[in-house]
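We call the chains A, B, C and D, going by the order they appear; numbering starts again at 1 in every chain.
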Amino acid sequence: MIIMETDATPEQIARVIDEIHKHGLRADVIKGEFRSVIGLIGDELRISFDILSVLPGVKEVVRVERPYKLVSREYGEFFDSPHKHRRIKVGNVTIGGSEPIFIAGPCAVESKQQLFRIAEDVKKAGAHILRGGIFKPRSSVHSFQGLGAINGEMAEETLNWLRDAGNMFEMPVVSEIRGEIHVDLMAKYVDILQIGARNMYDQDLLTKVARKKKPVLFKRHFGAGIEEFLSFAEYIAAEGNKDIILCERGILPLGKGKEYTRYTLDLAAVPAIQKETYLPVIVDPSHSTGRRDLIFNMSCAAIAAGATGLMIEVHYDPSASLVDAKQAITPDELKNTIDACLKIHKLMRPVATKTKAKPDEKVKG
Amino acid sequence: MIIMETDATPEQIARVIDEIHKHGLRADVIKGEFRSVIGLIGDELRISFDILSVLPGVKEVVRVERPYKLVSREYGEFFDSPHKHRRIKVGNVTIGGSEPIFIAGPCAVESKQQLFRIAEDVKKAGAHILRGGIFKPRSSVHSFQGLGAINGEMAEETLNWLRDAGNMFEMPVVSEIRGEIHVDLMAKYVDILQIGARNMYDQDLLTKVARKKKPVLFKRHFGAGIEEFLSFAEYIAAEGNKDIILCERGILPLGKGKEYTRYTLDLAAVPAIQKETYLPVIVDPSHSTGRRDLIFNMSCAAIAAGATGLMIEVHYDPSASLVDAKQAITPDELKNTIDACLKIHKLMRPVATKTKAKPDEKVKG
Amino acid sequence: MIIMETDATPEQIARVIDEIHKHGLRADVIKGEFRSVIGLIGDELRISFDILSVLPGVKEVVRVERPYKLVSREYGEFFDSPHKHRRIKVGNVTIGGSEPIFIAGPCAVESKQQLFRIAEDVKKAGAHILRGGIFKPRSSVHSFQGLGAINGEMAEETLNWLRDAGNMFEMPVVSEIRGEIHVDLMAKYVDILQIGARNMYDQDLLTKVARKKKPVLFKRHFGAGIEEFLSFAEYIAAEGNKDIILCERGILPLGKGKEYTRYTLDLAAVPAIQKETYLPVIVDPSHSTGRRDLIFNMSCAAIAAGATGLMIEVHYDPSASLVDAKQAITPDELKNTIDACLKIHKLMRPVATKTKAKPDEKVKG
Amino acid sequence: MIIMETDATPEQIARVIDEIHKHGLRADVIKGEFRSVIGLIGDELRISFDILSVLPGVKEVVRVERPYKLVSREYGEFFDSPHKHRRIKVGNVTIGGSEPIFIAGPCAVESKQQLFRIAEDVKKAGAHILRGGIFKPRSSVHSFQGLGAINGEMAEETLNWLRDAGNMFEMPVVSEIRGEIHVDLMAKYVDILQIGARNMYDQDLLTKVARKKKPVLFKRHFGAGIEEFLSFAEYIAAEGNKDIILCERGILPLGKGKEYTRYTLDLAAVPAIQKETYLPVIVDPSHSTGRRDLIFNMSCAAIAAGATGLMIEVHYDPSASLVDAKQAITPDELKNTIDACLKIHKLMRPVATKTKAKPDEKVKG
């Protein structure tokens, strides 16, 4: 992390970037109101910090001792000072702003009729963003893989429905990208590109998605620690795309005997991650618990833990869902959940901000 | 589970119990307002359900297909019908009642002065029950093991302090029992006997503690699934003691790299356990996160998840604690936490009860 | 699984396949010496087994009650009867044959000189197949990603070295494919396409790699159970490619405190997997332990557990490796390891076969 | 760890011990051939190393930076120099000696006839030590708890059978102690006191068992890391009892879906633990896999990994076992297993010792 003098010239900045490129690294440049900051991308050991620190216009070179640097709170404070989180705008919705955001919709898009009916329902219930799976990652090749997986024509048609439903009910749309081959197609239709838990470690997919310059909803793998989760988010940030929404969706359950929840929802990870990064964190209570009867409580708990939003699966007839029938809630249940969450969020706010100390001088970027 | 006729005579009940004893099993008898119910303790395969069902006065014999039976919600509905949980009364405090209960105090009792000062502080902050470790289970024989572990005289003196502090500030007291050799001594002084996570599997300790007929605070082991947790609670219930407070305190963390929380707090286990049993469930945010800066959020989240109480470590000077210095909060922080939790609980209540359907005819016991 | 009559005509077989396609499923056809067997690929619920069983030429329709069917031992017995495993031939090497196979080489290719020197060394030590990482999956974007990741020209040049080294020292070569974008390129140069642990769940990558019709070395994810591992291998088999070498490489470590091994090598998974599938299983002691001083013992243990091969990282100067320096062994150590493993394998063989019962009538395919 | 001069007088040693006691710590004294070494037990922070190092007769004070000190290899080298492990003698058997030791017998003692028949069988098959469970730790209060749990008279009678069977077939006997209340009774009858996995963390039980001055078979908890395992073994060593046989018996399985082994046998822990401590390590393939058909392979693998012994459950009619019927093998299978293990051990020995470097000057104690 190279902090430039307040009066550093564009030429001086270019000179630093040149030096960085010369050693095979890349540069992430933040132009602030008062000063610029340059982040290194690549193996720091290949460049001498002593040389960088004496280049003209350089005020200070700071080493960030973590595998994640560009997404660290430390780095983010140079461009996100007035807010607790980065605010990510999609259409007329702001994720990471003063209000929690609710993403809702069917697990899988099953038909145009099903999608439009649910879209209308979730909008009425208070949701802000519409979700809908088109390519479903499945454990078995013998299971339904999503309408998009049938053939290319079907994929495009289904994406069109999603786009239209979003437009009609005024909600940005999000859908999961399962493989690199779908990135271009998906980016044409959806507003937020989701990378699912199983693909968290797929660095080539991360890089390709990041380059679309659209917000990325990035889910934690069920076997990943927090450090790893942020280290892989760094692959997205390294492409210059910091509009990353982190999503906790449960880790592997532990212990012998019957499983009472599908995964272990790691809610303490929410405030723990928020201390490490400026990226907003949301929670998926649907996949983590796998139980419709726990969604209400765990949604409220997630907001109380500090989540900036929720991603919930909704179906007008949950038991008829083609995928994950046990975890979808009805639109009425969604409304109850959103109402309770908004009240809890309101109640938490003043207390939460009390504990926040802000550094004085900051740059925006 | 043997359901008797409403007009079954005491002789008929005795006859059933006799039959049970004859096969080497034990009986748990609930005398209700309308009818009695008898639970079997031991290996059901050793007794014929056909024979039991034709005994005079027997209405119905129901097989409970789970390793836990006496603590199951199904069984509890015969004596706890009007309430969501069993209500456990200790002094003037009711655990599992309409208000959440806060257990607070130092991790380890370090001195009389320390204990009394913290007791006064937590009482003012709104706590209902005083905790204080006297025999500390520790990973290393080279660590401080609690004042009680120094010698027998010291153990008795420290327990006296705890008793006196409880009396003076009108709070029942709870302390952990680490081994069978301390059960008699501890039971003389404390109101609630705690069995720590590491001893969850220690069935001989469970049995011995249960026989003291005092409420038991029973913590989930960090490697135990929910089924195992309830199966071991059953060892306590099998001694006729159903005053069991279950406590979630985090399971083993997963994933490579730095650990950001000491354990993974499994909050979805709270509502999941509550669907299985009538026993009240509380949460320990202190040991689970191991981080003072996460206690506020995770306490609120626990209440939102449906916990009936919290157990929190408090110290007027957290960094000076002899044990677990990183996780204690100050009395002021405790007050903030309790205030927020009470508000969330109030807000959750009406919604939570809406979803509760009650069976019609029930017996009390 | 549709078992045809011994005298079923090609037309009858085509008729069955037609019926399968009509319902949106695919067919896997095994033409045996005596009879043909047809496996279904896709959701079985979409087709009526009653209809299939009355088609002309059909002897029997068998439902396989597992998420993996094509890779199950049950299915494999129709074409692999005389052997314990499927025998996969690559050049002059047979994986799954009567002798254990040793795959060795550098973790990452660092230079032409390094690769050729190690290739020569491991050949002399007794290795059969040469490994060399060109695109390295890494936890941090700031780490060395392999020579192939620098640019396309470099990727091609490095792959050329690997090909040449394989040719010169007469060893087939294997290298990991990290993303779908490299599949075509890699398939041009390497004999065995490796899918790393982190990509195990990447079904689109699996499908694309499978279609290259080259043997696939498929590693178990560190958070995957055996059922999941085989279910994802099924994605490869579903493309008609059954030349799959399964590789156990350790699962997530558990428990508090210092980690003494990088992952937990799950050796009991080796015989457990072998009971489920006809695919050969090898073990990677290098990544699983992460410790050079454990490779000898754990290699011997893997062979004793029943592994049909090992994949070991070797460097003439382990501490100078650019990647995973702590786990590479020297060529001398490799020789000792291979020698001991061969002796153990010889010793195990007669005992192991004693317990094997063989079905009578089988078809080859 | 205080290393005394070779000519230190008994008075000087006593003076050092005095100083240690004065600060509330305990001392572990090893009188060697050439010199004495004193280990500290308790919180080292309470004593000044500067003061200790200037006491007369003290050569050097060494700080061991691990939670386990008395069981560390470093400390052990002062009294166990010529051997790789501590050699623990029980009757005419030496655990940790040049030959692997096989402990075998029924999971639970079911009758005198059953025990004697199996004892005779395992002796013939080559076993050295007889095992037999009398108090069985069980997950459910409704399961068979062992004959000893029925009543005190039965406990004593069953222990008598075990003692007699051991005497008759000339094998030392081992049985598990489940709670502190049975320590005195068990120590009267059995030669090796077993502490089961579930009691690993029960430090009061460990202390009480250690004081019996009999060898302790100490099993790793299924959720414990290696550091914790050794730290709790330290509780036994701290009572002056270093005759501890460590036993790996599997850790919690991980991953979704069906479980193919009961626990995950962590075989790499065997050599990893052996590098840390001089205590011998054995493996229990029965409880870890829970599968009779994996015992042969995993026993061989354990010996190849470096285990100094095995503990295997045997029954002449495995499917009729009252406890853990799926994992017992027959006496014939035991014989095959022992034969193969002895061959593998013989084969491993010369290679294994090659890598062993020995310190020069050592004391015995």
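Everything that follows uses one rule, which is that a contact is a pair of C-beta atoms (placed from the backbone, for glycine too) under 8 Å apart; a residue touches a chain by one contact, two chains touch by 3 or more.
Treat the numbers as computed from the prediction; the structure is a model and nothing was measured.
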Check: So which chain is the furthest away from chain B, centre to centre on CA atoms?
Finding: C
Note to self: Quick check: how many Å separate the C-alpha centres of chain A and chain D?
What the structure shows: 49
Note to self: Just the number, please: Cα centre separation of chain B and chain D in whole Å.
What the structure shows: 34
Check: In angstrom, rounded to a whole number, how far apart do the mean CA points of chain A and chain B lie?
Finding: 38
Check: For chain B, what residues touch not just one other chain but two or more?
Finding: 67, 139, 223, 228, 231, 252, 254-257
Check: Which of line, ring, star, complete and other names the graph you get from chains that touch?
Finding: complete
Checklist line | Residue ranges of chain D in contact with chain A within the complex | finding: 139, 252, 254-257
Next item on the list: Can you check the complex and tell me which residues of chain A touch chain C?
Entry: 24, 40-44, 67-69, 137-144, 150, 178-182, 198-199, 201-205, 208, 221-223, 228, 231-232, 234-235, 238, 252
Checklist line | Of all residues in chain A, those that touch chain B in their complex | finding: 67, 223-228, 231, 251-261, 264-273, 275-276, 288-289, 291, 293-294, 296-298, 300-306, 336, 340, 343-344, 347-348, 351-352, 355
